[in-house]
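Two complexes come next, and they have one chain in common, chain A, joined by chain B in the first and chain C in the second.
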Partner chain A sequence: MTFADVVGQFLSGLARAGVLFLIAAGLSFIFGVVKIVNFAHGALYMVGAFLTFSYTKTLGMSFWVAVLLAAVSVAVIGLLMEILIFRRVYGRPVADQLLLTFAMVLIIHDVVRLGYGSNLRSVSRPPLLAGAVFMGDIIFPSYYIFIVVVGVAVLAGFWAFLHKTRLGKTIRAAVGNREMVACLGKPLPWLFTVAFAAGVFVDGLAGAIGAPLGGIRLGMDFDIIILAFATVIVGGFGSLPGTALAAFIIGEAYSFGIWLMPAIALSLPFIIMAAVLIVRPWGLLGRSGGGEL
Partner chain B sequence: MKRWVLIVVGVVALVLPYVTEPIVVHTAIEILIMALFAMSFNLLFDGAGLLTFGHGCYFGVGAYTAALLMVEMRMPMFPAMVCAMVMGGLTSLVFGYFCVRLTGVYFSILTLAFAQLMFSVFQQAYTITGGDLGILDIQPPAFLVEVNAYYYFTLLVVGVSIWLLWRIMQSPFGRTLHASRDSVVRTQFIGINVRRYRLAAFVVAGVFASLAGGLFAPFNRAVAPFLVSWVKSSDPVLMTLLGGSATFWGPVVGAAVFTTLHEVAIGYTTYWLLLMGGILLFGVLFLPGGILGFLEERLHVGAAAPRTRMTEASGASSNARAD
Partner chain C sequence: MSRRGRVLGGRYLVLSLVVLAFAAVATPITAQQPPIKIGVAGDLSGAAASIGQAWADAIKMGADEINASGGILGRKVALSIRDTEFKVDVGIREAKDLVLREKVNFLLGGISSGVSLATSTSVSKEYKVIQIASVANTHRQTVELFQRYFFQVVPNTFMEGRAAAQVAAKQQAWKNYYTIGYDYEFGRMQAGAFVETIKKLRPDVKIVGQHWPPVGETDYTPYITSILAAKPDVVYSNLFEAGLGAFVKQALPYGFFQKVKFVSFADVSSMMAVPEMPEGILGYTRGEFYCENLPELKKFTEAFHARYKYYPVSYAVMGYDSLFVLKKAIEQAKSIETDAVIKALEGMTYDSLRGKFTIRASDHQADVPEYVGWTMKDPKYPFVVLKDIVKVPGSQIMLTEDEVKQMRAAATKK
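Right, the complex of A and B next:
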């Protein structure tokens, strides 16, 4: 166990955290604005990864075009889901909303199986980022650095969108007081649609840029949604900085766990989540009062 | 539900092995076990307003406990099933202690997390649980090996359990749970410790789910981590919603329709999840009361008004901000 090993493991954890942050940020944003817990978020992430495979391998597009197109495609799917299905149940009990998004998990799972079968697929890293940066013994794979940059850019982008643009400010106002925003003549349903599509776009982006990290397969949808829930809960529902912090903790815990204690590595995120839920049910950086009896 | 419907169903259940083929009896056993599993889920869902996404965990603990004791310890089936219930009760007591501290979505996700935790434990503890291979060759006692005998045994156990669940829901305990579902604040105002009542409900549901698991292991002759997985946890949710969660018999109807549909569908297609997702989507959007709720409303078999559930959940979510 040398210093270079530790740094290498830390970097791979950081890359994992970057992808996890994108997914969890979208999930948390949708929950914050639309008040829907989107179980289908993991399924849409999987769709993003499979589409990247199709766009690069089958259609021969360049990686960068494929990533952008995959994220946009996923956003369009999300847009249609919101308009055609979720919009009908905004006033209904939470259980109904959970069940509808869960129905989408089942449907998307089998539609992907219909289109791609159960085989493992892979996407190679773009030539520009296939190499690594060396600092003495320490190797920084360029692609890991790229993912971290994208994660930070999305965090900054979300913040700028919500605080600096008119649309973002209106969405924040709608989170605070829906009725007042509606009274000012803002089209509330369309604000929700935009917010939902934005959250899902980031989710699809995560699927696309996460694709070259590991295999693309059926079942990744459910693995990731539980990790994303864990991240959002550890960080605090609706808190973007909290989500970033939690993604960092869970990504690193997994990365070092698989190296040092492989037997419990898969359980670590749940242990962390259970611990946080018991001590601070509203998450590390969330606001108190939510979800406690 | 009208008394004559119950009597007709009861008579059909009693004479079933004499009028059908063994394969139908086999499916009927599965329906009975799943009905008990779904009913234990609905004790929490409709009874206490708690939507658990990790109920498969207790089914799996029951099945694994019975399987391990019967195969490794050579314990007879009946004491093994009692031990399965005890283990299920203890597991749900420990996990429930933490889960009932939360409400709404937070409760649902924590139950799911504990179930996933158990799943990875069962999958990784090769030396005890056999990992992915599971435990094979679980033999019921000689007088229950024949499918008809096991059917009557299951019918008896599930029948008694459903009667017990009915009594529990009609008892002051069940009424208090209903009250806490409809308004936590008012229930607390009259001096009731809602958290303690919810924990008790969680344990009762866990015990009956693990009994269902304990019945399933010798019936299936094998157990595998699949029984603890999220797919298994989603089964009672789907069955209950399909049958109608606001009615006592809804989960039984849902289990029957779901299991029969599954048996028929796997003969034609492997895209079972797609079919199930489509049915769930349709059901939630257009049949919010489930099959039984719809029938009762249309045929006036009984009175079942659609109710709002999990009212606190919306209160909890409105505290979250998006900045």
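Right, the complex of A and C next:
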């Protein structure tokens, strides 16, 4: 066991953390603002991946354009979902909301199957990011550097949006005190729509960026959904810095677990989740009584 | 008797005689025999989705061919295809439904060794319905958990691990092995068989580490870095399909395949999922269409490709074999009665797409071969194929009847 090995394992954990954060960020944000648990989150992530495939392979776009376009497309889909369906259930009991978002999962799943069939698809990393960075014995694939950079950009972008723009500040205010904001004449429904679209944009972006990592197939929505929820719960629903911290902890725990304690490596994220729920039920950086963005 | 009665009686008599005569002659043509129902229960979604789909497609094609040429014993074949989703509880539920509600006469399946084993012990054995597996190959189905209604026409995990080990053992420079296998029935049994065999053949071999990722794992990076940290000579893997694709994709930037030798599943389904599969990998498979130069296999491949527009993987080949093995057994037994068909299957020699094989009576395992070769790109196909193929015959890798007895005895002692 050399220092290089430890760094190598740390970097794998970082890579996994980056992917986890992107997957979980949208979920956390949407819950924080709109207070809806978006089960369709995994399905939208999957749509982002499939669209990236279509844009690059079928339509021949460059990787970068395809990724951005896929994320925007998913945001549009999310927007339509919100305006046409979710808006009508904001006041309803939580069970209704859960059922509805879950119904969306099944519908999206079948639409994707109708459109793409059940075959596996593949997207390659762009040539610029196909290699690795070498630091002596330590290797770090360039694509993971890209993922971490995007994760940081998303974190920074959301922070800037929420703290520096008028719209963002209004959204934060609406989270803190809905009635007051409504009294001030701000159009609440549209605020929530914007927030929902922003969250779903990140879902699609995660799917698009995650696409070259493995295969694109039906079922990838279910693959990530449980870990995404665990990450959000550990970090605190509605807190993006919390989600980032949780992703980091879970990613590193998993990576070192596989190396040093393989027997329990898979349960580590959930052991951590259970511990956090017992000690700090609102998550590491969440606030008791509600999320603080 | 009135004159009218006599004329009517006469007419009626003649008419009845004519109708009776006609009925006697016409019975074979107009009689409706119920179809032979075959339940096809496999994983059509999940980690082995394209494997299951190809397998089901081949069976469908086979059933259509059978029905077009008169059926089995003059009866049509009716398939009932179910998706067991790579989940044991779904597998048992679907198999039970096929047997109890649809009243199928036979079961073909499964794909996942875990699901198949569960179906064998909970459904096939329980309800006395013959199950023929042509993909799921855990050896426990024919050894420790053998039950007389189960048959296997695919090389079992012991045979497969042994075949790969026999060829790997010949590489003198390969001394330190790391294994990576899926953490379920198949992954554990097959990797276990490989390790047991390679250690026997090469006492100088060391296993420096073993990984057991869960089925459906998509991020192999921590596995890759820890394997490279252990600096093995060779990595033995039984990852397949999408999982193998993700592993290879993620390993390539690390220069993985320049650093270690790799032994891997090389079936067409998995190779289609891994467009970046490097050349020079030691690959093993149960019988791809390019592994044998047999006319029946060629005919099957062309028919499959023409109908489905993709190449049949070994699982499709074996699925087709399993259906026709069943057909031959029913015809030999001249009945669909379970005990008669079992008797016909035991010891039966069948001329399959892969050549002749015999189903051993003591454990219902067919002495089918495993093919081991080196990966190579072929411009004819959108996937990597094998060259310098070593056909390891079933007789060389099958557990002997003594070994089977010993393993069964050891299992009952626990």
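Just so we're on the same page, the second predicted complex is superposed on the first by the 274 of 293 C-alpha atoms of A that agree within 3 Å, B and C clash if a C-alpha of one lies under 4 Å from a C-alpha of the other, contacts with A are read in each partner's own complex, and residues count from 1 in each chain.
One rule holds for everything that comes next: a residue touches a chain if its C-beta (ideal position, glycine included) is under 8 Å from a C-beta of that chain, and two chains touch if they have at least 3 such contacts.
A quick note: this is a predicted structure, and the numbers were derived from the prediction, not measured.
After alignment on the shared chain A, the placement of chain B and chain C results in a clash.
Looking at the shared chain after the overlay, A:13 reaches chain C, while chain B stays out of its contact range. By the touch criterion defined above, A:105 reaches chain B but does not reach chain C. When both complexes are overlaid on chain A, the residue A:266 reaches chain B and chain C alike.
Legend: residue contacts after superposition of the two complexes on their common chain; A:277 is shown touching chain B, with no touch to chain C. In the superposition on chain A, A:118 contacts chain C only, with no contact to chain B. Of the two partner chains, chain C is the only one that A:213 touches; chain B does not reach it. Once chain A of one complex is fitted onto chain A of the other, the partner contacts of A:60 are absent, as it touches neither chain B nor chain C. In the superposed pair of complexes, A:255 makes contact with chain C only, with no contact to chain B. In the superposed pair of complexes, A:127 makes contact with neither chain B nor chain C. In the three-chain model built by superposing on chain A, chain C overlaps with chain B at stretch 132-140, while the rest of 42-50, 60-68 or 132-140 show no clash. Contacts of chain A with chain B, set against its contacts with chain C after fitting on chain A, overlap at residues 266. Interface residues of chain B facing chain A in the complex, by the touch rule stated above, are 45, 51, 98, 100-110, 112-114, 116-117, 120-121, 124, 184, 194-195, 198, 230, 234, 237, 241, 271-274, 276-278, 280-281, 284-285, 288, 308-314, 316-323.
Those residues of chain A whose C-beta lies close enough to touch chain B in the complex are 28-29, 31-33, 35, 37, 85, 88-89, 92-96, 98-100, 102-107, 109-111, 113-114, 162-163, 171-172, 175-176, 222, 226, 229-230, 233, 237-240, 263, 266-267, 270-271, 273-274, 277-278, 281-282, 286-287, 289-293. Those residues of chain A that touch chain C in the complex are listed here as 1-2, 4-5, 8-9, 11-13, 15-16, 19, 118-120, 122, 124-125, 130-132, 139, 141-144, 212-215, 217-220, 223-224, 254-255, 258-259, 262, 266.
Every residue of chain C that touches chain A in the complex is listed here, in rising order: 44-46, 49-50, 53, 211-212, 214, 216, 218-219, 221-226, 228-229, 241-242, 245-246, 249-250, 253-255, 272-273, 275-276.
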